Each structure stands twice: as C-alpha cells, then as structure tokens.
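In structure tokens below, several structures.
Both complexes below contain chain A, partnered by chain B and then by chain C.
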Partner chain A sequence: MSNPLAYVFSCIFVLLAHGAMLFSVFYNGSYDDVNAVIVLMAAVIGLDAVYFIILPFFKQQTYAVDFMLILILNMGLIFQSCFGGVEFRFKHFITMIAALIACRIGYFACRDHRWIEDKRKFIWIGIGILMGVILLFTGSRSMWISLGESTSVQPSEFIKPLLVLACATSVTEQQKKHKLLCFNVVYENLILFGIVAGVCLFQWWCRDLGSIPTFGAIYVSGFLLRICYPKGKYSKKPIIIAVAALAVLAVIGIIVAPPYVRDRLFVDVWNDKNGHGYQQAQALIGIADGGWFGKRPGHGFLHNVFAYNSDIVFATISEEWGLLFSVMSVFVLLMIMAIPLVNPPRSYYHGSMCAGIAAAFSVQMALNIFGSCNMIPFTGVTLPFISMGGTSMVVSGLMAGMLVAAQSPAFKAPKKKKQEQKKPQPVPSQQMQPVPPQQPQLLPPRQDVPQQPPVSYTLTDRRK
Partner chain B sequence: MDTAKLIMCAVSAAALDICALVLMITAYREKSSGRKRWRKISADMELADRDRGYPLECDEILIGRHENADIRIHDMSVSRYHAILNVADGKWTITDIGSKSGVYVNGVHVEQKRLRENDVITVGERRLIFRKRRDRH
Partner chain C sequence: MKSIKRCQHIITLFLSIFLVGMVVLVIKINREASFYMMNSDDHRLGMVYDRRGDVLFDGSGRGQYPDGYFTDVGNLIGDDKGQMDNTLVARNIDCLNNYSFSSGLVEKGGKAAIYTTLDHDANRAVYNAYMGAKGCACAYNYKTGELLVCTSLPSLDVTRGYADIDSMESGTLMSKVMYGTVPGSTQKVSTVISALEIMGRERLFSKTYSCTGSFVNAEGKNIDCHQSWGHGDQNIQQAIENSCNPFFAQLIQDSDMPLDRIKSQYEKLGYAINGEDMRYFDIDGIQCERASTTLTDTGDFITQWGCIGQGDTLVSPMQLMMWQSAIANSTGKMTMPYIISKVTDVDGKVKKEADTEYSKQLFTPSTASTVRQMLKTNGANNYGWQVPGYDIGIKSGTAQVKEGAEENALLVGFVDDESHPIAFCVVLENKYSTPVSAEQILTTMLNALYS
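Moving on, here comes the complex of A and B:
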C-alpha cells in the first residue's frame, strides 16, 4: 500500500456515502418492518468492512478502481432493495459477491500481459466453445440457459471479456506481418474479424440484438488501436473504409431486421403508450415524476412495470431517488472507465484492453440510459453493476478486474526463459569438442557525419 | 415532500458527491506514487544521447525514424521501425524488428539482447547509452 492514510480516508468516505444513503432509506423509505432496513444496513456496511480488510492482502499498486467498484455495487444493492418497498434482495447480494470474486479473477489473469498474450489461442477456443453452447443450448429465439426455477445464464455475456482480450494487442504483435497476395497483413486481425462476424451472426440468430452494438464497440476500439499504432497518423484510409463499411452494415441491418425490431425503431411512445411504447412512456413519466430528489425510496410506481430493475433501472432510480442520484451513479461508472486516463497503463496491451472495456461499458450504459429516456430504440441491455442480473454482474466484475490489472501490472519474464537461464543443459565431458572461437559480427566502421540532427522523444505522447 | 425529508435526500446526495470527489483525488494522487513504482519495475534506466537522456516510461518502446516511434531518431541510416525495448523483472531487452542496418550492442550485432548498465546501443549510425536515469523530473 503506497499511502495508508489515503486508503483509510477512502474507506471512511465510501462508508459515509453508503451510511448517508442507508440513513435516507431509514428516514424516507417505505417499509412495514424496520428489520428489513437493519438487515440491509448490516449487509452493506458489513460487505464494505470485509472488503476493506481483505483488499490490502492483494498488495496492489493502486486501489482506486476497487473503491469505486464497491461504492457502485453497494449503491446498486441499496437501490435494488428499495424498489417498491424496502426489502433486502439476497439474490442481488450474492451476485455482487460473485462479481467481486470475478474481479479478483480478472485481476490475477490479466496483470501480466505477456502471460495472457501467450494464452491467446485459448481465448479464441473459449469464444468458440461459448458459441457452441449458444448453438446447442439456447435455441434460435432465446439467449438464456435455464439452470432451475429461478436461475438462468446468458452465455453470450461471457464472450464480452474474451473478445476484449482477443482484441487487445501489443506493439510486438502488430509487427508480425505476413504477405498475403499483394497485401501485408497481420493474420490475427483476419482471425479477429472472423470471430466478431461469427459472434454477431450468432447474436442475430438467437435474437439477442441488443448485445451486437456492445460487441461491435469492443471490436471497433480494438481494430482502431490495432491500425493506429504505430502507423496511426498515416493510415486514414482503413479508418474511412471501416466507418463506411459499418454505416452500410447498419443500413442493411435495419432493412433486414425482424418486424418487432423495426417497430421499436420507429415507434412513437406517446401514440402507442399502452403497446410497444409502454415501458418507455412509463419510464419517462417516472423520471419526470422523480425530479431532482425523487419520490423517496420505495414510493415509486415503476416497480409495477416489466424489467423495472434491469432494462429501465435508470428511470426507476430517477423516480425513487431522484435524477441527482441516477446521474451520480452514471458518474461513478464513468470514473471507473476514466481511471486509465488518470493513471495510464504502462503497456500497449493493457491500454488497448482498457479501451475495449471502456467501449463495452459506455455502449451498455448508453443503450440502457438513452433507451429508458426514449432517445434511442429500447434494447433491453443492462446497466453495469446496478441492474439485476447475475451473468451481467459477474461479467462486469470480471471486466472491472481487468481494469484493476492494468493499474497494477506485473512485468515478468516468460517462465520458459527463466528455466533455461536457471538450468543450463549439462554437456557430458566426453562429448565436449573444442569449439573454434567465433568472431562476432562487429559494427561496421562509422562514417563521419558532420551534423547530426537531434533525437526527438515522443514517449509521453503515446502514454497520453 | 416535507422540508426535513428533502434535506435528508440532499445530504445523502452530497455525501455521495463528496465521496466521488475524494476517490477522484485519491486516484489522481496515486499517479505520482505510480511513477515511483515504475522506476522500481524499470530499474530507473534511460537511453542517453550525447547531450540528454530519455527515460524509459513504459514497456515496448519503439526506436525508429518514424514520426510515431517513441524514441525518434532523425537519421536516414535508421529504419522507420528499427528496434523495440521490453522490460521484464526489472531487466531491459532490445529486439531488432527487421531493421536494414541492424542493432549493435557494444559493437556486436544482435537480434535480441538483454541490456546491462552502460551498454552502448548502435542503431544505424547513432549511438545511445543505456544507463541509470540522471535527470529526474
């Protein structure tokens, strides 16, 4: 821990923020039994305390993302437990703990970028397996696999972090070009395009169209970073071609979209407020009703609307807690994504990985919030860390762990090389042959250069 | 909503705002401690030209003539993307990435070589010294 005082202060302020919210629930909330509030308080403060005690044992270099993560997760728990009356949502609490565990897994898996880069083929295989699972188990018009009466899993969600890792690249990888016909290509870029095209087709097939923009955003950010460095300033053509191709694909997508999607695209929610526009119309009314400070926790109406705690959760928070709280939730999410800008990663792989995660979170947030506010068609995408949904929560936690890894990286030598250095191959003395001394290839004689222009240094430019 | 309840809402929102602000400041302050940690990871080395040094601030540093190279050398004998510097376990390695004139460390042609303090790296016709960082900003 670099600064224990800063750590303690951060803990205190997170506890204060949660405490103030819980006190607001106690004072303003709608509940019949005060025990519900006490259980909620114990769960939130208890989780905070346990997390703050455990966290230093991981010996990270920074803890900023972790503090923001626990802040937003417990905010989500308080919001979820107050919708339609205060009641501790145990299922959401369990998914939060699963997200925190996933965060640790993401951290350990990605902190050494050379190790995770070496596992690239396994990442591709993982995506392939998940696509196979979608093909075999979800069916053509569903995105869920049922594991019981109240438990189901959405396998396509797990493709997101894998795709982020597949898109992340190092500078060395970009140098590995091969001649294909008359083009110099990086094979990995072609493989990646095939993977993304396959994933999007599968999503289309199982009618999970809301996830396609997220996958597209991850790929576009990865693609741009792949072609932009080190040749960024001189490679505008591929960017223009890519943007044009995306625009054409979007137009084709709208033309061939299923009828219910086209209905959503062009629906007037006020003319059809009891039909296709019901959720959005109610969400807009809820946001307006809530105002700045909300109708108080548990006193809203939106909990009667379908998907109030997932797809239109932004509107439900706005109604019960006020626009100030819902905007602050979004702000905390943006802070999590912006951490790599404050403390830039020290490797290009981690940088491009952070960009992919930020792209995924941004698009998910935009789809959820703007969809609730009727600024774009309703997609049913979850708000990271806040919406109810186990799979989404775990995957978001995993991606947050990847951000933590980029903040506390490890630069270790590959294990194979270490072993070779430690244990040189013994040579039997009988087999040893006298080896003629090798003449090293020496530096060619220098030519005198009267004036050498200075060396310029642009390292900080890249890190910005 | 009565005034007391409104004040309660405002107070809880203000507490959240202040917490977010404190976390932002903490994250910003960690930037300077992050620099110190990087010095430890990178063994606090720099590449020095005749008159100035260039601190090695991240993994995978490109040396070349191209405008986007991290250490740009204005010399036609240097390839656009000449060599790359990597760090692992506090040790730096230089790798030739297909340059025309090659990379020489202490006068010996190398494809990849672990660098030691005060090694002289020659790229094209330019000589750079790999040494401990001297001018700390």
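Moving on, here comes the complex of A and C:
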C-alpha cells in the first residue's frame, strides 16, 4: 500500500458517515426494541471493518471505487432496514455480500484487456445463452425465473454487463473493414448491432420494456466511441443518422406498444391517483411530506405502497431522511461513475467499459428516480446498490467491479518468444498502449509492487 | 490519449444529463410540493377572511360560529369536502395549505390564508333581504374590480355538513351569480350598445317606432308589449325607459342593422352565438359562464326575441354586472372582478396580491357615455322613489322562465358616486310569489355597502 495514511483516513470517513446515520436511527428512528438498532449497527460497522481489512490484500492501484461502493451499500442497508420501522433486513445484507463478491469477480475478469478480448466470442455466446434461458425458463412473456416461494432471478439483468463488455472488447476492430456487397463494413459492428437489436426485441417480447433504454444507452455509448475511433474525432453524419433512427424507433415503439404501456406513458397521475398513477402520486406526496430533512427514519407511510423499497425507493428515502439526504446518496452513486474522470482509464478498452457502465447506471438511475417522480414514464427499474433486489444488486456489483478493473488494470507483456518471431507492423499510435498515469489519482499508485514496464506490444502482433 | 478523453466525454455527457435532470427534479419538487400535499389525505388548511377580517371559512375546523354564520356566502366560498367544485376554496385550496417544503405541515399557528374583497355584513344583509325567496345578487367596485357582494339563494351552512344533501333544494350547491339566466329586458342594454356601434348616436336617436301593444314581425309572428295598449311613437330613450318590446323588434328588423354587424358586436361583448361551444371566464379560479344567444336573421322571431332578452338568450348576473362597469366608467372596457385581494403563506408572507385588470375594448367610449346617460336618465325618472338616496343608472328586466310559467325580476346598473363606485345585478326568482321586490333588495344592498 503506497499511502496507508490515506487508506486509514478513507476508512474513517466511511465509518463516520455510517456512524452518523446509525446515530440518527438510534435517536430518531421508529423502533420498539433497541436490539433491532444494535443488530443493524453491528452489521454495518462489522461489514465495514471486515471489508477494510480484506481490501488491501487485493493490491489495487487505487481503492476509490471500493470505498464509494461500501459507503453506498451500507447506506442502502440502513435505509432498507428503517422503512416502516427499524428492523435489520437480513436478505438485503446477503445480497450486499453477493454484490461485493460479484465486484471482485468483475475486477478479476475485466482488468486484463488482452484476456477478455480473446474471450469476447464467449461474451456473445453468453448473451445468447441468457436469452435462451429467458425464453425457456421464465414462462410466458415474463422476465423472472422463480427459485422458490420468495426468491426469483431476472436473467436479463446479466445481459447488461455482458453488453458493456461486448461493446468494449470489439471497439478496436474498427480498422478491419470488409467488402460486403458494395459496402465497406466492419463485421464486429454488424454483430454488435445484431446483438443489441436482438436483446431489445427480446426484452420487448418478454415485456421488460423498462430495461430497453438501459441497453440502448450502453449501445449508444459504444457507438459514439466506435465512430470516433481511432482519430478521436466525432463524425456528425453518423450521429445525425443515429439520432434520427432512434427517434423513428421511439415513435414506432409508442405506436405499437401494448395498451398498458401507453397508459403508463400518458397517464395523468393526479387525475388517476388511485389507479395507474397511484405509486407516483404517493411517491411525490411522500417526498413533499418529508421536506428537506425528512420525517425521521421509520416514520414514513410509503412503506405501505407497493415497491416502496425498489421502484420508488428514492421517494421512500426522501420521506424518511429528507430530499437533501436522498440527493446526497444519489451523488455518491454519481461519484462512483465520475471516478474515471479524475483518474483516467489506461486504455481504450477500459475507457469504453467505464463509459458503458456510466451510461447503464445513469440511465437506470434516471428511469428509477425521474420515473417515480413523474418526470418521465414510470418503468419500474431498480436504483443501483440501494433498491431491494438480488439480481440487480449482484449485477450492479459486477459492473462496479468492472470500474475497479479500469482503475487498477493489468497490462501483461506478451511472451518474448512470440515477439521475436513476428515482425511488428505499423498500427495507430493509440491502440492498446498503456497510458502512463499523468492525471491526479484519488490514491497514489502502489509503490510496494513493481510497476509494469511500458511495453511496446500492439494489437497486430498479439493476434498473429 | 485523445481516445481516452473521448471516453471521458461520453461519461461526462451521461452524468451531465442526469445531473440536469436532478436539478430540474429538485426545483420541481420545491415548487410543487404544496400541490402534492393537497392531494394527500393529511393536510392543514388555513382561513378565508372578508375585507374586514371576518371569517368566511375556517380550515382548521376549531373555531366556534353561530348557526348559519356562513350561509350567505356558503355556495360561493365552499369548503374542502369536494361536494362543490366551482367555489373559492375548491379552486384555490392550494393557497390555504399550511405547509411549506422547509417547515412541513404546520399543525398550529400556520398563517396560510385568503383575504377576500367580500363584505360579509353586506352579504348577510342581502341574504336576509330576500326573506326566503330565491335568486342572487352581486355588486362590485367598478373602478377597482373588488367583488363586494355575491350571494345566491338557496344556500347552505357548510359547517353543518352534507348529511341532508338529498333534501337540499335545486341550486343550493352553486352560486347562481356565475351561471347563465334569462336576462329579460336587461338584454336591451346590449342591443342598444350594438345599435349605437352600428349606426351611431345621431342616427339611432333620430329613429322612432310606433308601439300599439303588439308588433307583427317579418316572419308574421307577434312580439307583444307588456303594456297591452301600447306606448305610441317612441325614440330610443323612451323605449329604454318603457322597456318596449315592439320598439326593439322593429329596431332589429331595421335595414340599418345588418345581421353580420349585430353578430360581430355581440361577439365583442362576449356572447357565444348560435350554439357555439359554451365558454367560461375565470374569477380567481371560479368559472363563470359566458353569455349566449341565437342570431339567425333580423326578421326571425327567435333573433328579435333573443335581442329583447327572452328565449334562448342566457347571461350570467356576473356578466350583466361587468358590462355595467364598461358603461359606468365610460371607457367601453370592463373592469375585471376579483375576489381574492391577497394570499399569505404558512409564515404569513404575502405571496399574491390582486391588481385591477380591464377587458379588451367592447365598444367605444362615446357609446359607453351615451348608454350611461340613458341609464342614468332611466334611474332618475323611474327609480328615484324605489331606490331612494342614490344617483343610479339602471335597467330592469322581467325574464320569462319555465315556459312562461314564472317570471324573474332583474335589475342591473351602477351608482354614480366617486366614493362608492358600485355596479350591481339583482335577480329575484318568481317575483310574483315573493314578499319582497328586487328594488327593495337593491336598496338594502346599497345601504349595507354605504354603511
């Protein structure tokens, strides 16, 4: 660890934040038995402590994302445990642990671009398998697989990180143009477009329409990075065509949407506040009732409304903790996504991955928050890391792990023997060369392990 | 490095869009929170006061008031129970919300209130003057637009609830001032205004028509006069004072009064003509029906009968009163009435104050001056003893309703007094079966407003 003092201070900051919240729960919360608060305190502080002890063993270059992650996860646990009265939500705690494990998996799987790019065909196959699973196991036009009375899995959630990886791993293939009929095309682009179109149509079929904008945002992010590769310039023509195509698709989507979707799109929540607009109307009333500083933990009424801990969780937090606090929580999520702006990714692959994740998270957050507050149609998607829901939590953890990977990448040199056998060919200067860390980082690079040498491998020689 | 920057730009783009959305959300919630809370089951309402601070509606429900204390304005002020939709409280309930996003719901000491221009004492006096008869009366300051009196009978005491709603008489839950009624001969004011606008003062005053008690129009139908032996030859001033139907039928049929010009002037006055969609104008959220009539051909009975103020013609007492302001001010523009003088928020801070507003030009100032003088002459000649002590311009009307089975008495006009610039309209339903006359009600109203 290069700077143990910074690490310790970051730990103290997170512990203080959680401590302040728990203090508020103890003094202001609604509970009959103080043991409920003590259990919650033990779980939160205990998880913080264990996490801070284990984390250094992973020997990352920075831990900024990890600190933010544990901060928001335990905030979510405190929120969830206070809705309608303080009671430790064990199920949510377990899904948090699963998210932290998924984060590690995401980190190890995505830190080495060479390894993951070699495996990208498996990513495509993975998406195909997931669609097959949905088709075969979710029942008629549903998105859930039931694993028991109170447990179910939403396989389509797992497509999100795979789609991010599919976009990120194939971006460097833009140079390989092929003649198809009378057009110069990039096969990878066609494959990716086919995947996205397939996923969106599949989501439409299984009536998980709320996820389509998220998939669309991931693809838009990948598309924008594709068209400016490798020159670093945007071309206006494809952007205009893409925007026009999106607008046409949106109009067609609205026209052919099922009646219940159109009802949601155009519902006047205040005229139908006991019907289609019930959740949104109650959510807005809850936010208004909470004001800036909330009605105190456990004193709200929104816990009586369906999906209070998932689809309208922002309103439930606002009601009990205040709009100020709920907005601050959202800012923690924003900061997780903004870390690549402070500590730039080291390669185009890692940058594309960060952009895809930022697109997915920001659109998902927008759908959840703005939808529940009647600014856009209500789709019923979850708020990452905060909403109750195992699948969402694990997938969010996985994507956070991908962000961690982008912050602490692994650049392994190709074997010397192969380098000698192959003659290097000229390639664009920006391809996959590790970029030396020139920007300020939240935490300085590690000094306890030898830094990777600035190797001169290229995509070309790797594939030969 | 440029490519990495592009990645960062994409991230910045998505985060910025989201951030802008969050800012909009916080602003929207801050602005609309009061409205959201009014849609909840849990809210604390403030008070409605009259111009002297007398309570007209107590949202706290804690005050003690004598029985029938709010009856005179019950169907105008209304309450929050949802039984009456077109009332001051129902339409402005968000102004009474003792809530702010910063301080939340205020249980006690909230100062959210509506201060009205109404004079509770005058309303009560007018209500009592009806002596159990039905009808409505309104009066306002034609210089400023402050609505002073607006009472409608039958009415209700909102503090007693709606347990006996099934036994309530028709019209109890609405202020008749805001809804169309057959105007009777008060409509002739509009016809005179139209004639003056179309042919000018000289030409109109030069015309004389003969009344023999009945007039057979171009369609061959009879237009009868209320004086069966007729009024003989008259000019417009005499016809207005006599309220002579045959005169006005002949005036409408005159070749100097083309139908398109009449329609055009009536539209300027705000009439919906020949079954156009019913339209409303707004008085602090309360909807008031606009006038409507039928104008098909100047020789048709239905057109002439409409211009005389019977048949299909409907005008709300409020609009009849507002036209009087355009005449009394000699401007040809109506002074728009308002009920709310100011609104305070939960902290007592004034968040809305009324301003005097005027309508667009309905007719020329010279027409307004001419009609003003005609009505004043009528007041001096015919109402000096009936409404003693006031310099008024006035026009009466008798409206045939329920297929002619009943007749309503109407009075519209204004007081020519700089210190009490009052325009008014009084409607007394089924005038032959009431112990009081419209003139007596008017006198009581003016006495109360002058006291």
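Please note the rule applied: the second predicted complex is superposed on the first by the 404 of 464 C-alpha atoms of A that agree within 3 Å, B and C clash if a C-alpha of one lies under 4 Å from a C-alpha of the other, contacts with A are read in each partner's own complex, and residues count from 1 in each chain.
Methods note: a residue touches a chain if its C-beta (ideal position, glycine included) is under 8 Å from a C-beta of that chain, and two chains touch if they have at least 3 such contacts.
Only a predicted model underlies this, so the values are computations on that prediction, with no experimental measurement involved.
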Requested in this report: Determine, under the contact definition given at the top, whether A:395 touches first (chain B), second (chain C), both, or neither.
Outcome: neither
Query raised in the report: Thinking of the overlay built on chain A, is A:225 touched by chain B (first), by chain C (second), by both, or by neither?
Result: second
Report task. Examine A:370 and indicate which partner it touches, taking first as chain B and second as chain C; both and neither are also allowed. Result -> second
Query raised in the report: Once the shared chain is lined up, is A:100 touching chain B (first), chain C (second), both, or neither of them?
Result: neither
Query raised in the report: Is A:40 touching the first partner chain B, the second partner chain C, both, or neither of them?
Result: neither
**Report entry** chain C versus chain B, contacts on chain A by residue
**Finding:** B
Query raised in the report: Touching A:348, do we find chain B (first), chain C (second), both, or neither?
Result: both
Query raised in the report: Where on chain A do the contacts from chain B and from chain C line up?
Result: 229-232, 295, 345, 347-348
Query - Contact set on chain A toward chain B in their complex - result: 2-3, 6, 9-10, 13-14, 16-17, 19-21, 23-24, 27-28, 61-62, 64, 67-68, 71, 75, 113-114, 170-172, 175, 229-233, 293-296, 321-322, 324-325, 328, 331-332, 335, 339, 342-343, 345-348, 411-414, 440-443, 446-447, 449, 452-460, 462-463
Query raised in the report: Along chain C, where are the residues that touch chain A in the complex?
Result: 1-8, 10-12, 14-15, 17-19, 21-22, 24-26, 28-29, 32-34, 36-37, 39-40, 42, 99, 101-105
Query raised in the report: In the complex of these two chains, what residues of chain A are touching chain C?
Result: 217, 221, 224-225, 228-232, 234, 270, 273, 281, 284-285, 287-289, 291-292, 295, 323, 327, 330, 334, 337-338, 340-341, 344-345, 347-348, 351-352, 354-355, 358-359, 362-363, 365-366, 369-370, 373, 375, 430, 435
Report summary line: chain B residues touching chain A in their complex are 1, 5-6, 8-20, 22-24, 26-31, 33-34, 36-38, 41, 49, 54-62, 66-75, 81, 84, 86-89, 91, 95, 97-98, 104, 107-109, 122, 125-126, 128
